[in-house]
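Two complexes, one shared chain (subunit A), two partners (subunit B, subunit C).
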Partner chain A sequence: MFLSAKIGKGYVVTCAMISAMLIVVILCFLAANSWQAFSQVGLGLFGWTWNPPKGQFGMLPMIYGSLAVTVIALGIAFPLGIATAVFTSEMLSATVRVYAKSFLELLAGIPSIVYGLMGVAFLSVFVQDVFVLLSGRTILTGGILLSIMILPTVITLCDDAMHHIPMSYREAARGLGLYKYEVVKDVVLPAAKMDILGALLLALGRVLGETMAVMLVIGSLDKIPTPFWNVLAPGQTITSKLGREMAEAAFGSLHFEAMIAMALILLFFVLTLTVVSLTYFYNPEGRLYE
Partner chain B sequence: MRVWTLLILCSILGIGCSKREAVMVSGSSTVLPIVSKAADRFRMQHTDMNVVVNAGGSGVGIKQVGEGKIDIGMASRALTPLEHEKYRAVHLNVRTLALDAVVPAVSSEVYDAGVKHLTLAQIGQIYKGEIDNWKEVGGPDREILVIDKEKARGTRHVFMALVLGDKEAEAPGADLVLGSNNEEQTAIVQSNAAIGMLSHAWLNAGVKGLAIDVNGNVIQPTRENIENGTFPITRGLFVITRGEPVGVTKLFVDYLLGAEGQTIVEASGYVSVR
Partner chain C sequence: MNRRLWNMFFVLGVWLAVAMCGVGLVSLIGVIAWYGVGAINLDFLLTGSQNFGADGGIFYQILGSVLLIVGAGVICFPLALGTAIFKSEYLANAKMQRLCAVLVYGLNGVPSIVFGIFGLVFFVNILDTGISWFVGSVILAMMILPTVVLASFQAMNSIPVIFRESAYALGLNKWQVIVRVLVPQSIGGTVTGLLLGLARAVGETAPIMFVATAFSGVSTPGSLLEPVTALPTHILALAQQATDVHALQNGWGASFVLICLVMMLGALGLMSRLQLKGAR
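What follows is the complex of A and B.
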């Protein structure tokens, strides 16, 4: 008995260490392979033009594209997702809720290339017609497609967050004479805030990291549109750039290193956002219920 | 009972492990239709061998065969001096599989509205952004959707070398940058004002090839003009191996260059080299 407990503990600790090591190894790999780019190109990495044959590695257009699609995707998916989660968690009966949730989780399992192809075949044509554009492959199209892709994740996580709030909270609130919408607005949502934030971070990671689908619909033009808020123009995200050019860059060349530098910057975005949101919102006593 | 289960499991594993000898092919999406069709037939004739075909673009094909990641690279352009230099040690062996033309391709709406041919200079101006409306070249009053390709694509090298004078020229007039022939074709069909560059074999009812006007002579992208080289943007399609091919790789290369392979070349819309 004693021995098996020890083995079990060892196994669990080893697994945790492996997971923790992975992120360190990836960071080291990215840093080691982009060092040359940072030392040789330096601030040139934050220029406006990307033209490897001429030694120009400005990645601002890609950084802009990644941020723009993130803002659009989260801006669409969050209001929609939270409202839907309120519906599934607070208004559906327990049996129906289980079916609805399984169905949504099924959507999260569709490969991104399928979303991408549907984006090319329908969404981009739709955007082109609605806004009367030269081409429907725009930053907005990428953002909308991403919002559709993260919606199932957002809904199902927010639904869990709200569903975990004990029934007694709602009963107490109703007992005080609150209307149902007041119960949701003033009791359930504030209490579930932390977990909803977790859902946001997970969705954010997917938006920033998604490659295939975005690559097919965004137009892949390394330019910041003029004016810069014109998201009805084609653009490029860091991931779509990597997806299109990684295979053709020779391993170890400055071109390759500059691409890795872009990947490193992307990783830093996600890390910074995670750390910032945790420091601002994380509150160990924030979860009132156990 | 247990023994039987074990035996069955072992034999399943055994079948899984008896690997066919495989040839890995990758590269130009222009050469892809020929090679993947040939690979299908080849597999049927040689059931103990396998051919795995992937796309990725000429640059990728040359790089991977140079680095030894694959057995055969497909390319729709010649090797650049830089690539020659880089893979000098491995002696890349380049064979011509077929002839093809890179054709300036437009949406059928533009073609039907009267733009049937352009000069190379006009195409250059379109890609530089100096001409941005079809009416300036005799078409409808509609903005031009200029579709460029990824820098390492063979089709782009061949096209840009003639149109802008440099195979890696920037195209400031470009509105979209796409990759494979397939992607480019889709984008041109979806638009009513697009121009792009496509291999001759990828033209269809929605994507029309323009003739090129050379000093007043309008040269159509026809089979004959590709074969005798009068169409300005003709090129060879190549298969590349590391040194002289051997074993299954040799068998497959010989199949491609032989009578059956060349029939597939013709059936795919390209011009045979035999």
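What follows is the complex of A and C.
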């Protein structure tokens, strides 16, 4: 009888140790396998050109691409998402809201590769025609596709943030004779500010780490366009670079290790975001949104 | 008057945003359904693919995806349950709780491609397992672990204290309380988390494309150590030859089937969640 308790505790402790160590193991293995790149290439990793045969492993074009795509995606998705969330949370009746939310959950579940297929089949052609380009696979296309992809998540999170604010706040504001606009601007949004910021961080992490959709539409050119705000040129993000080139590099070569170094930098970015959002926006009852 | 004007602009702006989102998102679903249903017939679902996916069906891709997530579920379930029990019942220290939360949430934030690269380095290159069904399942299980642990932990943590007190009063020891009272009461939460996690795992491409799948020429894997072929990587291969009309059409069909799989798992998960709420 006591033996079973001991075995049980052993099992539970082992499981917990494995789960907790996974992230540490991932970090350690990535670090160990990129060590050569950091020691041999050093600051050259943050150079302007990526050309493995010549031993140039500058990842600035990829970092630029990731940032540009993120800025475009969040710049489109957040204004639209917050405005739509104002609608679902403040203007819709409770019954319709449930349907709208279910529809959004359904959309949030569509795999990213399907968005990639849509991007290849429609969005890149659309961008090509509208801006009269040689190829529709540009940084802008990637950004727009990502914004469509995170829109359902952004709306859901912002809607939750606003809906959690007690009704009495709004009633008091309406009682003072404020218009709907003023209720939202002066009462609801300030009260929901922290949760909306949390949503922003979550969406940021998701956009930075997204691979498949971006990889198919961004054009895969390791160059910062000139001038640098010309987002109608093809580019490359960290994730699309990894997805395209990882299988081509031989294990143990400097090329391979430089790729791992790039993955490590991406992971470092995203983990920092996670720790920040845990520190400032920790919600023990919260759900995990991917 | 000025205030009223602003209010009108505001309402107009909101409606404009809603119209843009609504049209965009509804047409998204519409396009997938339209092209997807058009590409599907019984033949497509039940035959293997030919000519790098441009001809033939997707039977082995569906089978491979199902095999991958079954493997992931089998690996993830005991691990997540054990971790949740430890987190809920053995970990009393608030600091350790917090550390545990950081580690688990941190794992949830890891981009999917990084899981794929970790699998490539650790399993395929260092342990030399080769590209296989088993490695793909392990990587997917790692990816969904946080979701399952959290759902399981929340279910277990919300069991009223009186259940535990009654069980202890009957003379059960800690492990017996866990096995006889807490696990049966919270297993629904674990299953819900697992189904929702698998709904996400089945659609992921980046974690499995280096470690588990071969693009063509694979039918049924003979053992755990052989490569499989899966729907998401198949769609990727088809999207890269999107100029070919047949390949694109097969891509839509495969996408539609994949979304149906995701929705089925998601609906099962939601049903078990509602059942859980009803039981309480």
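Some observations on this one:
Rule of thumb we're sticking to: the second predicted complex is superposed on the first by the 248 of 290 C-alpha atoms of A that agree within 3 Å, B and C clash if a C-alpha of one lies under 4 Å from a C-alpha of the other, contacts with A are read in each partner's own complex, and residues count from 1 in each chain.
Note that in this section a contact is a pair of C-beta atoms (placed from the backbone, for glycine too) under 8 Å apart; a residue touches a chain by one contact, two chains touch by 3 or more.
These numbers were taken from a predicted model, which means no experiment stands behind them.
Within the superposed three-chain model, A:G8 lies in touch with subunit C and out of touch with subunit B [touch as defined at top]. When both complexes are overlaid on chain A, the residue A:L80 reaches subunit C alone and has no touch with subunit B. With both structures placed on the common chain, the touch criterion links A:V120 to subunit B and to subunit C. Of the two partner chains placed by the overlay, neither subunit B nor subunit C lies in contact with A:T153.
In the superposition on chain A, A:G136 makes contact with subunit B only, not with subunit C.
Within the superposed three-chain model, A:T237 lies out of touch with both subunit B and subunit C [touch as defined at top]. After overlaying the two complexes on the shared chain, residue contacts for A:V275 are found with subunit C alone; subunit B is out of touch.
In the superposition on chain A, contact of A:M212 is made with subunit C only, not with subunit B.
Using the contact criterion defined above for the overlaid structures, shared-chain residue A:A263 touches subunit C, although it does not reach subunit B. Note on subunit A: of its two partners subunit C and subunit B, the one contacting more of its residues is C.
Subunit A residues in contact with subunit B (one complex) as well as with subunit C (other complex) are 120, 216, 247. Subunit B makes touch with subunit A in their complex at residues 56-57, 59-60, 63, 86, 143, 145, 150-152, 168, 170, 174-179, 183, 186-187, 190-191, 193-194. Considering their complex, residues 3-4, 6-7, 9-11, 13-18, 20-21, 24-25, 28-29, 31-32, 78-83, 85-87, 89-91, 99-118, 120-122, 125-126, 142, 145-147, 149-150, 154, 173-176, 178-179, 199-200, 202-206, 209-210, 232, 235-236, 238-240, 242, 248, 251-252, 255, 258-259, 262-263, 266 of subunit C touch subunit A. On the side of subunit A, the complex with subunit B involves touching residues 51-53, 120, 124-125, 128, 134-137, 216, 219-222, 234, 244-245, 247-248, 250.
Chain contact summary for the complex, subunit A toward subunit C: residues 1-2, 4-5, 8-9, 11-16, 18-20, 22-26, 29-30, 33, 79-81, 83-84, 86-87, 91, 103-107, 109-114, 116-118, 120-122, 148, 151-152, 155, 179-182, 184-185, 205, 208-212, 216, 239, 242-243, 246-247, 251, 259-260, 263, 266-267, 270-271, 273-275, 278, 282, 285, 287-288, 290.
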